[in-house]
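You will see chain A twice below: alongside chain B first, and alongside chain C after that.
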Partner chain A sequence: MSLEVLWRYAPALIGGFGVTVMCWSLGAAIGLAVGLALTLLNRLDFAPLRWLIRACVETIRGTPFLMQLFLLYAGGPFIGLKLSATAAGIIGLGAYSSAYFSEIFRAGFASVPQGQTEAAVSVGMPPVHIFWRITLPTALVATVPAIVNMLVILSKETVVLSIITVPELMYQMQTMAAETFTAFDAIFAMAIFYWLLVEAVSRVGRRLETRLTAYMSAEASRA
Partner chain B sequence: MRPEIVLHSLGYLLQAAGVTIALSLAGIALGFAIGALVCAGRVSRNRALARGAAFYVSFFRGVPLLVQLLFIYYFLAEYGLDVPALVAAIGGLGLSSGAYQAEILRGALNAVPAGQAEAAVALGFSGLEIWRRILLPQALRISAPPLINEFILLLKASSLVSVVGIAELTRVSMNIASMTYRPFEAYLSGGLIYLVINLCLAGFGLYAERRLASGRA
Partner chain C sequence: MSAMMIQIRGVSKSFGSLQVLREVDLAVERSQVVCLIGPSGSGKSTLLRCVNFLESYDRGDIFIEGKLIGYRDGPAGRRPMPSGELRGMRREIGMVFQHFNLWPHMSALQNVAEPLSRVRGLSTREADERAHAMLKRVGLADKAASYPGRLSGGQQQRVAIARALAMQPRLMLFDEPTSALDPELVGEVLEVMRGLAAEGMTMLIVTHEMGFAAHVADRIAFIDAGRIIDEGPPRQVFHESAEPRVRQFLQTYHDRNSF
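On to the complex of A and B.
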């Protein structure tokens, strides 16, 4: 592949990368919000709701992401859900990751040492304060490594969106490859690009982890 | 909803599910062989070997599987190698899974208490015997539950092979969707089959975990 080809397609590729980052960040934001909401709902002591959430989470975790995307994008219109490819991609990423994030948050809450809540009760904190000032912050910090890991996994899943024609980086790269007969070079460049991206994100994530978990008790950080 | 469409093509779907399972089994087996080699490289005292193995893990865990699969296809086409699509797909799944399995095995080896190898040395076991009789049996036992988990992940990842035209569960669901114009029913039933397979695997994983935990020091 000549650099001239890359230069000619640079605007499309950069635009594609923009779409990738947008899908990734919006999907992750939806997934984090819904995942946390599911975990909090799960903590309400209401059995039917817990079963329902469990069933949803297991269904999403037990089926391939590609299948979920097809069901949402191609099957959606049959149940009155018409979405553009990009919207379906973002909602799909959000729904998919929410199941994993909710499991991560569940483990995070479970890792908060019992003694901390007991101590808060004994100094007379009201339950709402205990939740906001003790349980929630400790649980969230304990989940940082797992969340970073999931964000990295999610960044790789965005590639799958190209199959339902979301115009992200992989899609633009394949368009370029088809128009200029540079399939091998294009996919080689993609592999190197994603490898560097994932390595960079992982490094930043590890930095963040050490910063955020610096003041955790050894007991809680073993989540 | 028109369930008769699904019932009509249930035979195709089940056959495709068989292909998916076979594909994943072959992928996990190849991945285990690669993973064992890469793990051996990572724990070896040879600097270059350890570096190479670490690079392998980093690369195959960092590049999205879809990119890896297409890379293998275009690579074979570029150099005019005539390899059946199925073989290339299994190769792709195995190469990727090998990186994950190498890390699982390495974690399991690290989980065997160091005192055991030391005790074996003190008792006069040879190096090979320590591996064969002390380290490997325990490491394999520890790694069984995460390996079953990896199998579930690989089975889901095998849906990406549909993109290169192998008639596994996802591809056949796509075909049924486009033949009947009922994508909702087609993908729903395909997804349900994946779910049933994975729930069985997860159940088996729990059973194995309980069995293996019972005899542990």
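On to the complex of A and C.
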């Protein structure tokens, strides 16, 4: 283990980690937004739209992320879609995760008991209010553990971006390993960085979960 | 304008090939308490749910204070009622469910106040005040801040009653309100319902609590296989029914509940 090499490459590694975190968070934000949008569109009773969404989700879930990313970055220009490596990486992560997030949201909505909606209908609450005040909050709370899990998985999928030369952590690691023949040190350092990220995500997730499910065990502030 | 609060005429309904209601006629006068009893799967809950159109009916009419619910009859035949108009009618009909159906992410107070602010258009303060008063009325003033998950079944059902009452409905529907409760918690819910009946609230109640029905109901309707096969004052239905099915049902109930 060469501390000297790690020290020398620290700026590049930290910079790479920054790029990783940026790609991951922006990709996840896109994925969550698009995923929720897909789920909501799916709830509209319009069959052609449902089939289209189904086909997109199944295609994304049925093919490797590496392939999707490569198609987007290398194949994009053929249809006039010229993206920088980083932009392609972020959009790729967003598209890839949106399929999984939309499945998570779908399950979340399915888990809301029919009775809660019926109670709202029985007092004459309009559908928009029922959705925003009753269905959505209950569905989102139910999905938090699955979403955090997906975010953790996604944080590690970012390594694939190195293939299309996004200067993220994996890319910097490989550069360091190639230039200094310190494969073990590189992988060790990478493990530390990813562990940090995953640990942070999990902690925030757990805290969020505790907060959002507080109603099962605590008293309300408004009384 | 009819004197009848609820007028059900020739209502039929099928779920696919299964006919659950067959030509049902039933009338509930203002301030009357009518209990629907009968075996499981006989159609009592479906009938109750048709009254506020949570369930649509295929044939017949259901009038609430003389106004047809769920449909509009015109020269071109029967059309679904516009959703806004239907919501307006539902606001006047309180409903209490077997499984309470409180909103788990809202405190007891918020459960009661939510429809007041979202549907009745009260300010948050007015809604909270009325919600507090309603919770007090069902004996739960001290549980306003508790979430449903922290309340017993009996308390949850009382919050659900408060939620329905806060809307100041013209009539109340109860769908087996005590069937999901521990025997020891049934009493507190029936107590609240008894109080409502005494105040003159019009109530249509699906129940298996025969003792309660006998004491509180003005009339009992016995439903079997989607038909009302006997109807009248409690004494008549419980003790003098000519219908073998009613006598058999009550005998079984009596045998199971005596020891």
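Going forward, the second predicted complex is superposed on the first by the 203 of 223 C-alpha atoms of A that agree within 3 Å, B and C clash if a C-alpha of one lies under 4 Å from a C-alpha of the other, contacts with A are read in each partner's own complex, and residues count from 1 in each chain.
Here is the rule we go by: contacts are C-beta pairs under 8 Å (C-beta built on N, C-alpha and C of every residue); 3 or more make two chains touch, one makes a residue touch a chain.
Please read these numbers as outputs of a predicted model, since none were measured by experiment.
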Exercise for the section: Scan A:Glu199 for contacts with chain B and chain C and give back first, second, both or neither. Expected result: first
Exercise for the section: Once the structures are superposed on A, label A:Phe188 by its partner contacts, choosing first (chain B), second (chain C), both or neither. Expected result: first
Handout entry: Which of chain B and chain C A:Gly80 touches, first, second, both or neither
Key = neither
Practice task
Pick one for A:Ile163: touches chain B only (first), chain C only (second), both, or neither.
Solution key: first
Practice task
Kindly classify A:Pro48 by the partners it touches after superposition: chain B alone (first), chain C alone (second), both, or neither?
Solution key: neither
Exercise for the section: Using the superposition described at the top, list the residues of chain A that contact chain B and also contact chain C. Expected result: none
Practice task
Name, in rising order, each residue of chain B that touches chain A in their complex.
Solution key: 58-59, 61-68, 70-71, 74-75, 77-78, 152, 156-160, 162-163, 170, 173-174, 177, 182-188, 190-191, 194-195, 198-199, 202
Practice task
State the interface residues of chain A toward chain C in the complex, per the touch definition above.
Solution key: 113, 115-116, 118-127, 129, 133-134, 137-138, 141, 215-223
Handout entry: Contacting residues of chain C [partner chain A, same complex]
Key = 52, 54, 83, 87-91, 93-95, 97, 99-107, 109-110, 114-115, 118-119, 128, 144-147, 149-150, 160, 163-164, 167
Practice task
Mind listing the chain A positions that touch chain B in their complex?
Solution key: 58-59, 62-68, 70-71, 74-76, 78-79, 156-157, 159-160, 162-163, 170, 183-184, 187-188, 190-191, 194-195, 197-199
